[in-house]
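For clarity, chains are labelled A, B and C in written order, and residue numbers in each chain start from 1.
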């Protein structure tokens, strides 16, 4: 299914600027943001910006990939825990897939996530790259 | 006095050696390496483009600028010849990603390899005129070289970003000069995937005449001589051209070294001399004078004379250095992966 | 709630069924179930289906199927919860009969997955995950379960051999199931050298793309008794959801929705997990069978893999799992799977499992566990011989 431009546009604060939400009562941060805290139903929250670095908590290597990422196959996917404890999911870029390890340090980098052929809108977002500096 | 408040660069991790490309086309690698002084070039993977490179370079520029109020950035200009969209600005994507919106000027710049340096001049002019407190200029490219063409050996990718302002400068801009003519040395028609060029015609009357024109004019305007400068950066479509013009004008290898990146980076088009400038800033000391002259086919050259302040010592290490990006953590690829990354393979729709 | 029974079951052909359309598959299964039960009418119909829209451009599935069954006019509704669609269709039938609203309700499931390209099928399946934050970033279903597998292996030392044991055992069972898509045995080496899809999951760790339908007739005990055929009772039903994105869950080595759903079902049935004698669980990937067995409380966290390697889940083991062959060997026409699990339990409890697949010792109490996506929904039923 193609991505209609409004769907991408609505997610800019999250995908471009890593904006998350932190709920008052539980102190938990969720990315992407949500309106209700699933742990206690709290709706009082503030906007927070996620830190740029973290560690891989689990990963896989996609070897049979959807056509949008055919040129990048095989590629890594990981759940990363950032330095503030927030966990998020994303692709691993610029890394030999055989070198991905649980516990690996990564940093967030702005990348092109999807594009629709030669004519559609370009959808940008974040990926994880090995933290080498 | 206007100048650079923050600067940063970003480069891809992937590289391809001249020998790899030569092998496929039956070309003579040693003569390319010797003749053009090129060893390898950077290759952007499919998820990297002018916009993503610009965002990462801008992040580094903001790191070095310190805690400046982003709402005071009044313009964002990206100069490139590989903007991802033909219609829809790169600047708005980068602006949105950097949190610079809504009260901000924006338009994309195009002038072959000097789109970025022109953006730098215009951004600086805005702040100098008191129109706004800061203006962001980015020079970025992921240009294409046609398969088997000489330019395929050098067309590379990279970005440099500069936040211009009038206070707390890392480098003051003492003089600028721009020289241009209409020169059909290198062009790309709308809807064409690869550019065309005039071969040897791109040398004397194009690159050299234009660069010489701007360089001699700014030296005259400023009353300075080459020996006054610590570093000099020229547009670098290969290693040879900038070296030749530098020596002709009276600069030395030592002066061009920190900004002479083409042999290992390739030609980053709009990014070329701006990235070279970041390489010089990274190693400069307070009081150093840096000479910079870009070149864009078509043609034009933007010359700048920068004076580094003591702020460089405080901020140099707040972001990753250009030479580190150039030399470390590299992945070498072969031609097949390169062709795949650069969309040179015909696929089914 | 009054007692609820299952009196008949039917399946269509399962596999790449080029000659049968979406609606024809349903009708085949539905008519087989009606014939098996011996009922002369049904009061209403639930059809579980993940996405007729994305696979074949067809929604309004309840109405379409009632129409093609030759019963336009009866109440009918489409039930969706990704891969748990069928199990929830069965739960809806259970509720409708149990509440007294209806006497005879058909619970069915159907999916037609081969009338589109592989890429389209993968994209359709991916809608069971988080579209904007998992799928958008390159997640595939094998990829998401692979993340869970790596986490489980890292935390508990679960091994490749343990995953293989699940696939081998399910294929052994499925080789005796006349409705299975892949009715052949597998050697461990074949599993472990099959193409890697998403590390560590290989193609033979993954359930296939399947066309198929299943249906059961759910009725009151009064109706069941009048039919004078062997029947079973549905003692409990439990449904639970969980956070959709893996990254936002506390612990991805366990399936919380399966834990909650099984607790609710067991409580309703007045039973404990130790009373359950065999189960049909949702082995969309080999690691899923391991995690579900732990999540429902049959094994302690991290211990199911070793138990499976030792043969505990085999037909003649301590706790047979997936005597049908599971999703792995039987196939996984998404919306039909949950109902097919009930079909198997019905056959096993009434002594009608084919070809030597019958669990010995006349088991009396069984569980089905059916889940959607990476476990954001789970539905569990407890069934007993009448």
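What we mean here is this: a contact is a pair of C-beta atoms (placed from the backbone, for glycine too) under 8 Å apart; a residue touches a chain by one contact, two chains touch by 3 or more.
Because the structure is predicted, anything quoted here is derived from the model rather than measured.
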Core chain by centroid distance, with centroids computed from Cα atoms only: A
More contacts between chains, A-B or A-C: A-C
Separation of chain B from chain C, taking each centre as the mean of its C-alpha atoms, in whole Å: 58
Distance between chain centroids, defined by C-alpha means - chain A, chain C (Å): 31
Chain centre separation (chain A, chain B; CA means) in Å: 30
Where chain A touches two or more other chains, by residue: 91, 113, 127
Junction residues of chain C, two or more chains touched: none
Residues of chain C touching chain A in the complex: 54, 119, 122-123, 126, 132-134, 136-140, 142-143, 146-151, 154, 195-201, 203, 243, 245-248, 252
Residue ranges of chain B in contact with chain A within the complex: 13-14, 45-49, 51-52, 55-56, 84-85, 93, 96-97, 99, 320, 324, 328-329, 331, 340-341, 343, 349
Touch list for chain A against partner chain C, complex: 1, 3, 7, 11, 30-32, 38, 57-69, 75, 77-79, 87-91, 97, 102, 113-114, 123, 125, 127
In the complex, chain A residues that touch chain B: 12, 16-17, 71-72, 91, 93-94, 96, 109-113, 117, 122, 124, 127, 130, 132-133
